[in-house]
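Residue numbering begins at 1 within each chain, and the chains themselves are lettered A, B, C and D in the order written.
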Amino acid sequence: MSAGGDLIEKTAERHLREPWDELGLAGDRAFAYQRAGATFGIWIFIASEVLFFGALFLLYTAMRLEHAADFAIAARETNIVYGTLNTALLLTSGLCAAIASQASEQKGLQRLTLWCLGATVLLGLAFMAVKGVEYREDIEKHLLPGASFALKEPTTQLFFGFYWLATSIHAIHLSIGIALVVRLIWKEWREPGFLFESPQVEVAMLYWGFVDMIWIVLYPMLYLDGRAG
Amino acid sequence: MSERSRTSIGRIWRRGLIVWVLLLAFLALSLFAAYAAPASWAAPINFGIAATQAALVALLLMRLDRADALVRLAAACGLFWLAILFALTLTDTLSRLANS
Amino acid sequence: MSGASSDASTLANPRELDLGLPVSYLAEGRSVASWLFTTDHKRIAILYALSITFFFFIGGAAATLVRLELFTPEGNIVGADTYNKLFSLHGIVMVWFFLIPSIPTTMGNFLLPLMIGARDLAFPKLNLISWYLNMAGGLLTLAAVLAGGIDTGWTFYVPYSTVFSNTFVTLAVLGVFVSGFSTIATGVNFIATVHYLRAPGMTWFRLPLFVWAMYTTSLIFVLATPVLALTLVLVIAERTFNLPIFDPARGGDPILFQHLFWFYSHPAVYIMILPAMGVISEVITCYARRRIFGYSFMVYALVAIAVIGFFTWGHHMFTSGMSPFAALVFSFLSFIVAVPSAIKVFNWTATLYRGQIGFESPMLYALGFLGLFTMGGLTGLFLASVPIDVHVQDTYFVVAHFHYIMVGASVSAYFAGLHFWWPKVTGRMYPESWARFAALLMFFGFNLTFFPQFIAGYLGMPRRYYTYPPEFQVWNVLSSSGAAVLAVAYLMPLGYLTWSLFFGGRALNDPWNATGLEWRTTSPPPRQNFFGNPQVLAPPYDYHPEATPPGDEPRIAEKGALT
Amino acid sequence: MLDALIPAFLRPESASVQAAKVDAIFIGLLLISSAIVLLVVGLVVTFAIRYRRGSSAKRGEMPTIVSREFEVGWTAATLFIFVFIFWWAASVEIGAFSPPKDAIEIHVVGKQWMWKTQGPSGTREINELHVPVGAPVRLLLTSQDVIHSFYVPAFRLKRDALPYQQTETWFQATKTGTYHLLCTEYCGTDHSRMVGRIIVMEPQDYAQWLTRQPERDGLAELGARLFSERGCSGCHNAGSKVHAPSLAGIWNQSVPLEGGRTATVDEAYVRDSILQPERDVVAGYEPIMPSYEGKLSDGEIQALTAYIRHGTDRFDLIGSLNLAPAQNICAPGQTPPESAPNQSLRSPAMVPGAPASGDTPP
């Protein structure tokens, strides 16, 4: 790897930021320290996000306990094909993200990193596209809570209130994830070798993994209830 | 491409693919359970599978397995506070349901 | 680094040791852009100080009108709707745009890196972003006020806020939502800073208690705020998109909203009081010239309050129709959380024992804090007892209780800290006699305002009433007169502190003869905070562990006056 | 005896059994807190004077172990005191939790901005409630719009009234007189005018007052009369010797039928069961009920249905009280459904600048 060789030698200098550059440590140690700090920072943020979605899941749990029968009826109306397809897409994107993150830490794997980031973005976009198609179908089936709602049981509307809310909050998070990854790809394009050892790759990929986990929990909530019997 | 990077590519992919196959297998299992299991069992099974999948992602894809103790502590804090929120709120919700 | 500077202006007094530091952070760039795009934690702290002062006086103006209206039992100054909007404005602005950010984002931002010997916070850009988010949130809320106001109270209870209110709820709620991100960002930043950027030798049990207070507060920032954010999203979704969530007409459960809301808003009270406890620990030790009594217990108490504080939110809901079983559980946990607070009060008192106690203005505020916090904390026990709470819930008793904690204690501590670190932040001394007078006036005005409210509440006067049965008038007249005194007392520091910026004497690097790393640099500090890497060799509060010899006292250059 | 500790003008009127108990805890807590405040303030003032800068007080050495022992000591002491107070308060709360069986039942409906009540014999009042002294009274609260809170300071009584849900509480007045009824959950524009009076009367005055109230037989009351006149109660009452299912609280419930089916108790099911009792027999009962085909008019069947549903269906409590249904509930910016019969009942809060409803209590 002669192209980025010079850059790679200066990894620590490229990525070191204030105030980490003034710790009085040797360059590479300061950089390892900064990297650990960044990882820790994003994990605190993820812990915070766990509580954000946790409150949403609590809402679901309480409502489902109060209106179990209606929730089963309502959940039967969601499109399980799209739901399952999307889960598979997102799980696969999670794999690509993890590979990208690990590849970015190793010398000579920039191409793999870039490809995996690209695949992550594409799978994320595919998820959004499927979700869009599903949304259109839901609207056509009058599953938007309101006067012309399709189901007659009153609290089925609660389920779909949750459905629209949870999926759109998740979609917003996923869009932020896509934007983060696109930014990384753009940075690499502007400045080849940027991705190598950049803490930003790991941070973005941890965020992506978290968004993935949220969908894993949403899937049985939205699609699998009331299918038996 | 050097020999070393090729072996590390292999290691990264092998590990990732195993997790990925497991995740998809669990997805298929929960889909099957949703239709085949008795109604009262379906929910616990499905949420159990979801929890397992989430744990797999957290540990093996987000690399909590090799993370600093501090990072694991942060993740554990998230779960602990989530447990507080759920436990105390459901104390009220469930006992109200039981009384009505 | 430019190396030693021989510029005499960095020193207040030629006799002082020249630390050889470059020019102060205030002198590094004077353009507006150099402030608005700064990543210096000290400058961001100043930005925050300006914005929270602005919001403090907006919230204060609303409170003034509220107290004016309550002077007589009839509604005769403003209409009912206007009154409702005024107390909502007061609550929302004071809670989210003054109290929550007050000590952490100003003193925390300024002092946290200094106290642990760091150059800056771990993520300086994130720090700046969080100020912008805070401002954006505040301005959105102000926009809601200018557009016509919001009348839900700061609690946004459903279904009133989602289905019935005709005011600009969505805009105001959006403002609070946005400011929540600012809080979370600050929390992440502080936690990472304390974990990663402590100077060599600064072990966990050598951290000043102020740093511990910031750390535990950040814990609440990070773990409670997201729940509020989600709850507010639900309110916005129900109001704007007509999604059924809490609407009881469509099967929703309004009590669930209250759980989610108080899961944040009860720990939010600890967001306001923990930093205050940190400030008080610094001030009391310095003016008593004593090591803090029971340092490790003080640390455990801070952590215990932060954690157990999350278990007690249900005591806001004893009359809400929550299950009586859950009410008892929450009642018990609420009593438990009072224990660490009591320990802290005893430890501060014991710290005074055998000291050389001086009564400079920060100490007066701190002693005021001790009294007011004890009162506020003990009345909390009344509210934790279910039968008494059933009587006084949503009456002026509750209003008085939380003002004792949030205004009496927290704002006193804010002023204590402001006066204590003012020389460090600005490099100027304020007129001490004025500051002492303001401190005494504030204590007197506060008690006159809020003590009668305990009585009115116990007699049964509900809160959020703009007309009230005439037998409560005497207490309201007392309270409103106290509010006038309090208003004057709050305006005074604005005057003399501003004066001191231009005409105050130059401050020494360590005017109070205090320990702590922040005093080991110039006043005001340079951009890099320290020259070289500070090493920490001793525990904090290295005053006099045994007996305090006479003559150990602050070395204030001149006790200035306005004349 | 406890009253002696607080001067009269600082004491709220105490007029219920619960009030006395609350006041006892309050005074106990007040004594404990005052002691703690005095201790802390006393120590602070003493230290501040004695150890003021430059004072001649001795400042000898302190043994190091003192710190730890003090810490443990006062942690344990405060914990003990606080747990004791909790135990005291909680035991009072638990003791007063369920109302006596013979309590008078009164339905309370909160509405922006008035209280509507309905007593046992159908007497309805607005912003007023007459109760006899010495008799336990059970309140069943609900709301038509937002959350309100029913607060009677003299009884130390407070309970939120939630829309579409029922909450309950109870009291037993000990003193005749007129007491404040206040709303303490913020409910919009005229929250502070949502006040009324509780009038506690001697039992004989109360009985007299009852007789002066206009007869207002609702559908459900008619049904209740029919239920005993036509002999339904002979079999379906709890004490009956005939083996027939009890009808209490079955509205909207699903009941198991012969052959493993289930049915939901609604208008159609009740009607069918009266007219064709042998069709859907509840599991475990004999088909012994005769058909009432031709013996009951449609109106009478409706009245019986209303009676069965009365009080058992929390969603329809407002309907059974014959008060305006909550048609005013609609999302901001939306109009109520076209079919809404009483547009005029829409909450004034929905109309900016609209005057408050005129029922200002005296």
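Methods note: a contact is a pair of C-beta atoms (placed from the backbone, for glycine too) under 8 Å apart; a residue touches a chain by one contact, two chains touch by 3 or more.
Chain-to-protein mapping (UniProt): C = Cytochrome c oxidase subunit 1.
Because the structure is predicted, anything quoted here is derived from the model rather than measured.
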Two chains sharing the most contacts, counting C-beta pairs only: C-D
Length of the line joining the C-alpha centres of subunit A and subunit D, rounded to whole Å: 47
Distance between chain centroids, defined by C-alpha means - subunit B, subunit D (Å): 44
Distance from subunit C to subunit A - Cα centre to Cα centre, in angstrom: 35
Subunit B and subunit C: spacing of chain centres that average the CA atoms, whole Å: 39
Residues within subunit A bordering two or more other chains: 36, 40, 44, 47-49, 51, 54-55, 58, 62, 66
Set of subunit C residues in contact with two or more other chains: 195, 223, 227, 238, 242, 253, 255-256, 260, 263
Touching two or more other chains - residue numbers and ranges from subunit B: 70, 77-78, 81, 85, 89, 93
Chain-level touch network, classified as line, ring, star, complete or other: other
Each pair of chains that touches, named by its two labels: A-B, A-C, B-C, C-D
Subunit C contact footprint on subunit A (complex, rising order): 17-20, 22-24, 33, 36-37, 40-41, 44-45, 47-49, 51-56, 58-59, 62-63, 66-67, 70, 145-146, 154-155, 157-158, 161-162, 164-165, 169
Contacting residues of subunit C [partner subunit D, same complex]: 75, 80-81, 84, 151-153, 155, 157, 159-160, 162-166, 238-239, 242, 247-249, 254-255, 288, 293-294, 297, 319-321, 324, 327-328, 331-332, 335-336, 338-339, 342-343, 345-347, 349-350, 352-359, 367, 370-371, 374-375, 378-379, 381-382, 384-388, 390-391, 393-395, 455, 458-460, 462-469, 546-548, 550, 553
Residue ranges of subunit A in contact with subunit B within the complex: 36, 39-40, 43-44, 46-51, 54-55, 58, 61-62, 65-66, 72, 80, 84, 87-88, 91-92, 94-95, 97-99, 101-103, 106-109, 112, 205-206, 209-210, 212-213, 216-217, 219-220, 223-229
Residue ranges of subunit D in contact with subunit C within the complex: 10-12, 18, 21-22, 25-26, 29, 33, 36-37, 40-41, 43-44, 47-48, 51-54, 57, 59-62, 67-68, 70-71, 74-75, 78-79, 82-83, 85-86, 88-90, 92-94, 96-97, 112, 145-147, 149, 151, 153-154, 156-160, 162-165, 167, 180, 182-193, 195, 326, 329-332, 334, 347, 349-352, 356
Residues of subunit C that touch subunit A when the two form their complex: 39, 113, 118-124, 184, 187-189, 191-192, 195-197, 222-227, 229-231, 233-234, 237-238, 241-245, 250-253, 256, 260, 263, 528, 533
